[in-house]
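First the structure, then my questions, so here it is.
Chains: A, B, C, D, E and F, in written order; residue numbering restarts at 1 for each.
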Amino acid sequence: MGKQVVTFGEVMLRLSSPGHERLGQAASFTLQVGGSEANVAVSLAGLGHAVRHLCVLPPNDLGDRVLRELRGLGVDTSGILRGGTRLGLNFCEKGIAQRPSKVLYDRAHSAMAECAADAFDWSLLLENASWLHLSGITPALSEACAGHALAAFREARRRKIPTSLDLNYRKSLWSREQAREVLGGLASRADLLITNEEDAEAVFGIHGSDPTKGGLDPQGYREVARQLAERFGCPQVAITLRDSHSASRNGWGGLLYHLGDGTFAVSPTYDIQICDRVGSGDAFAAGLVHGFLHGWTTQEAVEFAAAAGCLKHTVEGDFNLVTEQEILRLAAGNGSGRVER
Amino acid sequence: MGKQVVTFGEVMLRLSSPGHERLGQAASFTLQVGGSEANVAVSLAGLGHAVRHLCVLPPNDLGDRVLRELRGLGVDTSGILRGGTRLGLNFCEKGIAQRPSKVLYDRAHSAMAECAADAFDWSLLLENASWLHLSGITPALSEACAGHALAAFREARRRKIPTSLDLNYRKSLWSREQAREVLGGLASRADLLITNEEDAEAVFGIHGSDPTKGGLDPQGYREVARQLAERFGCPQVAITLRDSHSASRNGWGGLLYHLGDGTFAVSPTYDIQICDRVGSGDAFAAGLVHGFLHGWTTQEAVEFAAAAGCLKHTVEGDFNLVTEQEILRLAAGNGSGRVER
Amino acid sequence: MGKQVVTFGEVMLRLSSPGHERLGQAASFTLQVGGSEANVAVSLAGLGHAVRHLCVLPPNDLGDRVLRELRGLGVDTSGILRGGTRLGLNFCEKGIAQRPSKVLYDRAHSAMAECAADAFDWSLLLENASWLHLSGITPALSEACAGHALAAFREARRRKIPTSLDLNYRKSLWSREQAREVLGGLASRADLLITNEEDAEAVFGIHGSDPTKGGLDPQGYREVARQLAERFGCPQVAITLRDSHSASRNGWGGLLYHLGDGTFAVSPTYDIQICDRVGSGDAFAAGLVHGFLHGWTTQEAVEFAAAAGCLKHTVEGDFNLVTEQEILRLAAGNGSGRVER
Amino acid sequence: MGKQVVTFGEVMLRLSSPGHERLGQAASFTLQVGGSEANVAVSLAGLGHAVRHLCVLPPNDLGDRVLRELRGLGVDTSGILRGGTRLGLNFCEKGIAQRPSKVLYDRAHSAMAECAADAFDWSLLLENASWLHLSGITPALSEACAGHALAAFREARRRKIPTSLDLNYRKSLWSREQAREVLGGLASRADLLITNEEDAEAVFGIHGSDPTKGGLDPQGYREVARQLAERFGCPQVAITLRDSHSASRNGWGGLLYHLGDGTFAVSPTYDIQICDRVGSGDAFAAGLVHGFLHGWTTQEAVEFAAAAGCLKHTVEGDFNLVTEQEILRLAAGNGSGRVER
Amino acid sequence: MGKQVVTFGEVMLRLSSPGHERLGQAASFTLQVGGSEANVAVSLAGLGHAVRHLCVLPPNDLGDRVLRELRGLGVDTSGILRGGTRLGLNFCEKGIAQRPSKVLYDRAHSAMAECAADAFDWSLLLENASWLHLSGITPALSEACAGHALAAFREARRRKIPTSLDLNYRKSLWSREQAREVLGGLASRADLLITNEEDAEAVFGIHGSDPTKGGLDPQGYREVARQLAERFGCPQVAITLRDSHSASRNGWGGLLYHLGDGTFAVSPTYDIQICDRVGSGDAFAAGLVHGFLHGWTTQEAVEFAAAAGCLKHTVEGDFNLVTEQEILRLAAGNGSGRVER
Amino acid sequence: MGKQVVTFGEVMLRLSSPGHERLGQAASFTLQVGGSEANVAVSLAGLGHAVRHLCVLPPNDLGDRVLRELRGLGVDTSGILRGGTRLGLNFCEKGIAQRPSKVLYDRAHSAMAECAADAFDWSLLLENASWLHLSGITPALSEACAGHALAAFREARRRKIPTSLDLNYRKSLWSREQAREVLGGLASRADLLITNEEDAEAVFGIHGSDPTKGGLDPQGYREVARQLAERFGCPQVAITLRDSHSASRNGWGGLLYHLGDGTFAVSPTYDIQICDRVGSGDAFAAGLVHGFLHGWTTQEAVEFAAAAGCLKHTVEGDFNLVTEQEILRLAAGNGSGRVER
């Protein structure tokens, strides 16, 4: 069996109100599956990589459903544990114009959050790994999850398996202080650190431009990347750039800082009419990992990652259901949206 | 302000797969609101009674939604507390033919289950009550809920407010032993005890005919009612009769035993093509309470209650959205289903 | 241009709650088009006849919609007038088991009801007619409509165009006394009178078996047909037989009485699991007209008509969207419902 | 019982084609409830005010439905009369780009329009009122409604209850001449007059900038407000500013003129991607009333009102289902639409 | 890698009109995936077997979709070829009562039908097989498919891999003569032959009771099984028994004849309210294979298979999405359909 | 019978994923009917012209459906042939932002493509024609279709019936070389040639500005029109101008070149928020034909056509379901999208 990318994190059922309806007025919820690391796994599987996702799902119909969805999309689910009593849920309403999108978590006490401290044996699980990815959500779920995240990163370093960490700070899951300590420990063992200016500020107090003001300040973003790389000795640091005009329209791009030679690679900025922006950061992360696994240059990687993240904004649900060809076409400059027949 | 019926129990958001789809295959879930005692409250409000429902709802969009639904249907929600972190949920798939309906609870850690031991002050809350109703689900939710149930029944007895208890044993919430102890304590303080043969057997070991065999055995049902009334000194005991031919077709009726004079009132049996049978027991309970509040005879009451429960099988969702006139017409023998224009 | 069947009557937009939802709980209404005479017209067009439907539709989007629907199904709509301000509506919920279906009319002040007394010139409109059909709903709409109905029947008699009248008494539209007078006038000019026992009783006081009791009493039905034929000198009288077990299951059939030779032709009785029974009487009427236009025997005609009406119960909406071949197959005895591939 | 805001006006069932479908092509209509004054009532109830809405609803399933919806959203419906025969309806299609939204009224002969001249006893109904609001639609419905509107305003003045009038001229309901006379009478008794430039021009011939040309002309708007205030001796006049780029994108804001000191308070202008703009003027009106009841400055009030109206454009249906916190956050300048988790 | 069941046959996208709507009136089609042999594969995967399905899918979005669906449900799709230009489709309307269900094939020129004569190398593909199953549909698709079917059966016999053949005669795909020749050749190499009386008559002229008449004639069915077993030297022959009361209600069961000892095992007969009967024969076939792979007795196997097929009638779509536990519970006699909580 | 516009071309069932869902993720497909020439026919019928559409439809439920849709919209379908085995289909997903819309054809082997070489007798079919329109898709379907297209154009010229040809090059149907030869032959017989710059380049190698770059280059467009007119001796040549900012927003307009006097008429450019752009070119073509049939000036015609095409972008489906009044209002400059009540 060939090498596999390994991802680790909770997968939730997402219940979305139709169109732009508010959670309080919908007559039904549309069902989707997602979770930051699983989103990365699905992207990478779609891009042709062997990917194994690890998590705990409850032994009920909803857990089965999540497993089927991941397996259907080509993710190896043979390492997923079944246990616990409930599936993590989130309720999602899509904003428009001046009204923001809203994600209401209902994930406390989930099978994943309540996994045992010895549920995963990382020395076994990483035996065959070509890459390890997780986000800052996983360690925020519970102490056991934080323990697993750290153990996984330690084992990866021991085995010289490259790792990526997407900070993904969720203020509803833990405090800044808790996040700083745990994510700092992970960041110092990551080969690729991914974040945005807002989270870098929230978790590590690293300042940048004001994200609520709109307008991208590339200089601020670069500074954030440089400081993160130096503080944690992290070889590569990527920052996603988002200029929130409204819930309907964002500017979007990314940059990648290479600590070794001090160079910055910056993607073009896309002006996006948003369909569903949840998971765009994960699509970006997957794009970077894809680039690294192919040995692309930092410029190639960040351009691919930014185009992947741009397209995610146009796809319903958490998963970036686009092909490599579609991403490459956009990265090559064709975003005119002319009908394909 | 006039007297009010008081009901107490968790209200959940019910997420149902469309039509007869399985939970694992649905693309969306239809939203409904329900819970045994709230179902009774809604029925009674629809029948013209002033009803106040008590529970705890989380201070989020889903809690708001539940509250709006109850209030819209005429239930006084001014005593509902807001707190906790999550709303109790249940996922529901409707069976057909030989495949049973399935209700997957996700109600652990709900705002209601985690309510404080002193959240409700029963001496205040029952000041204005004309009746108190609750089901065996409420004390099964948590120790605090069991404490509130018992305190409410004690206070009602002190104030001579009539009470009804629907056993509603849920084996996924507690053990038979726990249920026996707590429900026995409540039953001995109830003026009206409602159950079916299956629960009487499961909780109190009182035997009757075999519910999986099909075919109603009126004699067995009478025996169950009599034994319950005598064991708990309960003035009136009602039993719902269900003959499960399949998930699509049931025979249905009820009987009411009057301990004082030892008489049985038995309703006709309805042969029902089922649309949604969840909440039919609650509709029956509400029918009985309606009859008692109006001073109807036991025969009148049980006929009305059985007709109400019959119609509930024809209505989507937990709530029995029918009028008193519709129930009376059916109770009077018109079940021919001819189009009304 | 060849001869055309002419039908005359209001066409409404029907707004139905989905599945078996009650009108008060639906989040949306499904749209259908229908009306007793238009239903007959659509059936006959589908059976290959040239049919012209006459009515008034308002000059707005809803009127356009109705016109398109009829034209799409092959009805000649060139004689439909546009005028008035509103389209007649009805809100429909489908019953199940002991809960009856319900049709809530909102058709007062419709373009059709408010048509002018001289809106239709019958000597012109019937110039090319092979048959004239209308139901007792048309004259119930307004005095002008009643005037048109009578004028049409008079002109038809003058031109020796055969006519059919389906009594279709609607108690929400007019009183029994009004109906008796007007419908009596039409019946005495009809070549074919169609009704059921209930309406014969309600309008003309002709007694039969009790329709709410269930169980078909063929003798009673025959008696009704004979009396109607004799009272109005009507050459042929058809009665639809409905045994309402519930809103979900009906026995159904028809009989046809020939005044000239005093013979009765009776169809088989179908035991029907109901999908949507609105329009089944119209499908039956169309089946009879079809038989007469083809010169079939009364036995052939009533068997075809009953099979057509049976199939209508299985089709959503007012229109009987089935083929002649499907009707003939059922009339020939194949109602086994085996899959066709 | 505390004081209540009183609103008076027809509430309709709104039947909307899904998405951007035309009325003529939709397979179903989504159901919503709305009406100018009820929209204000729902907004104010959501903002924490005790609000009582007055109208007439027919005693049928559709009337029940409307009543439940209002009651569920916290409006006191105890004063709503039941009578008449039909519910006012409107059919709505949402425009996009160069195709405008379209509202097809079907409200003639509604229960409200046909209410009796003595249906409402204003000396009783305003006993407990803290505010009275109505729009120019109410008096346009019928003579009786116009009579009630005037009687209500007179009684309010007698009791020194502050009143607001939103002109809301609907050319399909009455002529400019009729509107001028009746609305002039009401305006001269209003403490707060709300309108837009278009209606001021249509009803009172007061000129401003050309609304079809696009581009807001603040000077023109101020002039309109000043003239209205002076002509009717109205202490405060508010004008909503709308710059219609297309059916999808509008500029939006408001101004408030204070006759006493001659000052103008102007809100920021919002550039809005529209989800559903029906009811935005009502949301603005409710925002002003909310500000006045809280004793806010005119600047605070108009900023809150404009933000409330802005958010309404993002919510499906007539009702502004947003929280005070959401409005305040936008009024404070945060319209970036970043996801909330 | 362990042994795998191998199935071979076309997988189609099924486009079904909602509920009981006719194909000509639906506003949308629901999407499902199915095909006789894939249905067996999905059943077996759900029952815990390693299953590999072989077919050709076009390299487009629809082909991807089918592949994901199978993979998600646990079928090994690694042997599926991608090629050709179009996916086989079928349009399906579900009958009710006297109106039969209808499947409109649009599968000519599909990727599967046009597969090359050397597309599959059976000596490789069966290397690891524990069982081979296919139905009579596969050889009906094209000459190449017929060649593959025969080659597969020959190779299986060479390797002593047990095989099952479900006759599944489709008159729209080929003539009786063609079917007789090809299916005879396969039957003579099958270890288990599955069919119903209708197909046995149509293809091989073996007579039984009249399927359109209703009422099961066990003796006729036994005779058919015996004759088939003897004519083709087939060790085991199974017959599904279907008593078509209507499109809504069927009697259903199965029998299994063992040539060696001449014994018949007969299942109970289930009276079924039908949700979706497509795929019930495939569920039965999978149940038999499941029994044989577990070494169950013929009686155990046929009872399990009949229960599996019974439950399939209750599940939307072609796939039998039920668990082994659900089937065993029904086979053990519990078909009462009581709610599970 | 008056003169009729004649159109000739395949009509397909279009199966669209809901909203912006990808084909691979939709749970259902919405059904629409369309095809380039039928789209023109429907537009012209809606604008009041007598129009006859010619094509072949299979004799099944899907063919019936298409026929009903066209007939309902006022197109004369009496010349449509029934034959062949399958209806042409296309699967459509609507893009957004940088993700283009996608149309997946499944039209090979359709009834139309496989029509016989002598299926249509053009000398008869054009006897009563006032205009003949077809697009470059028709001859691309098969040799027989190409033959019919040419025969029709020849017969039209013989009868001096004006003709229009919309190039509509579809690279998935034929090669540039094939297209050049056949379309060149048709263009040289057309009175009005319609295309865009992209197709002129692809088919005839006539260069213009780069369509993927965005930004309209009117000079380039004029040059294309002039060259086409001169090369084919075509009296009038129209070019649609599309500036693809993204799949959501396009600039749009048109120009019309008059060979006789060498003048160019250019429409305003519309900035469009796109709902569904399929069929906009057909709406433009119909607008031109409408103008010519009314004898409008080239400026009037192109302005009307561009406004018609603009509005098509706002309507779901292929058909331009707008009224002449709506088009004229937009052409007169009112694109502000203000609500109409």
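As a convention for this text, a contact is a pair of C-beta atoms (placed from the backbone, for glycine too) under 8 Å apart; a residue touches a chain by one contact, two chains touch by 3 or more.
Since the structure is predicted, the reported quantities are computational estimates derived from the model, not experimental observations.
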Check: When the contact pairs of A-B are compared by residue number, which of C-F, C-D or B-C has over half in common?
Finding: C-D
Notebook entry, point to check: chain C and chain B are one sequence twice: same or different residues at the contact, by the over-half rule?
Noted result: different
Notebook entry, point to check: Counting in whole Å, what is the centre-to-centre distance of chain B and chain E, each centre being its mean C-alpha position?
Noted result: 44
Note to self: Between chain B and chain F, what distance separates the C-alpha centroids? Give it in angstrom.
What the structure shows: 62
Checklist line | Interface hub residues of chain C, defined as touching at least two other chains | finding: 19, 22, 24, 27-28, 68, 102
Notebook entry, point to check: Taking the complex as given, what residues does chain F use to touch chain A?
Noted result: 19-22, 24-25, 95-103, 105, 170-172, 211-212, 214, 244-249, 277-278
Checklist line | Residue ranges of chain C in contact with chain E within the complex | finding: 19, 270, 272-275, 310-311, 313-317, 321-322, 326, 330, 334-341
Next item on the list: Over in the complex, which chain C residues touch chain D? Could you list them?
Entry: 15, 18, 22-24, 26-31, 60-62, 64-65, 68, 85-87, 89, 91, 102, 104, 106, 108-109
Notebook entry, point to check: chain D touches which residues of chain B in the complex?
Noted result: 68-69, 71-74
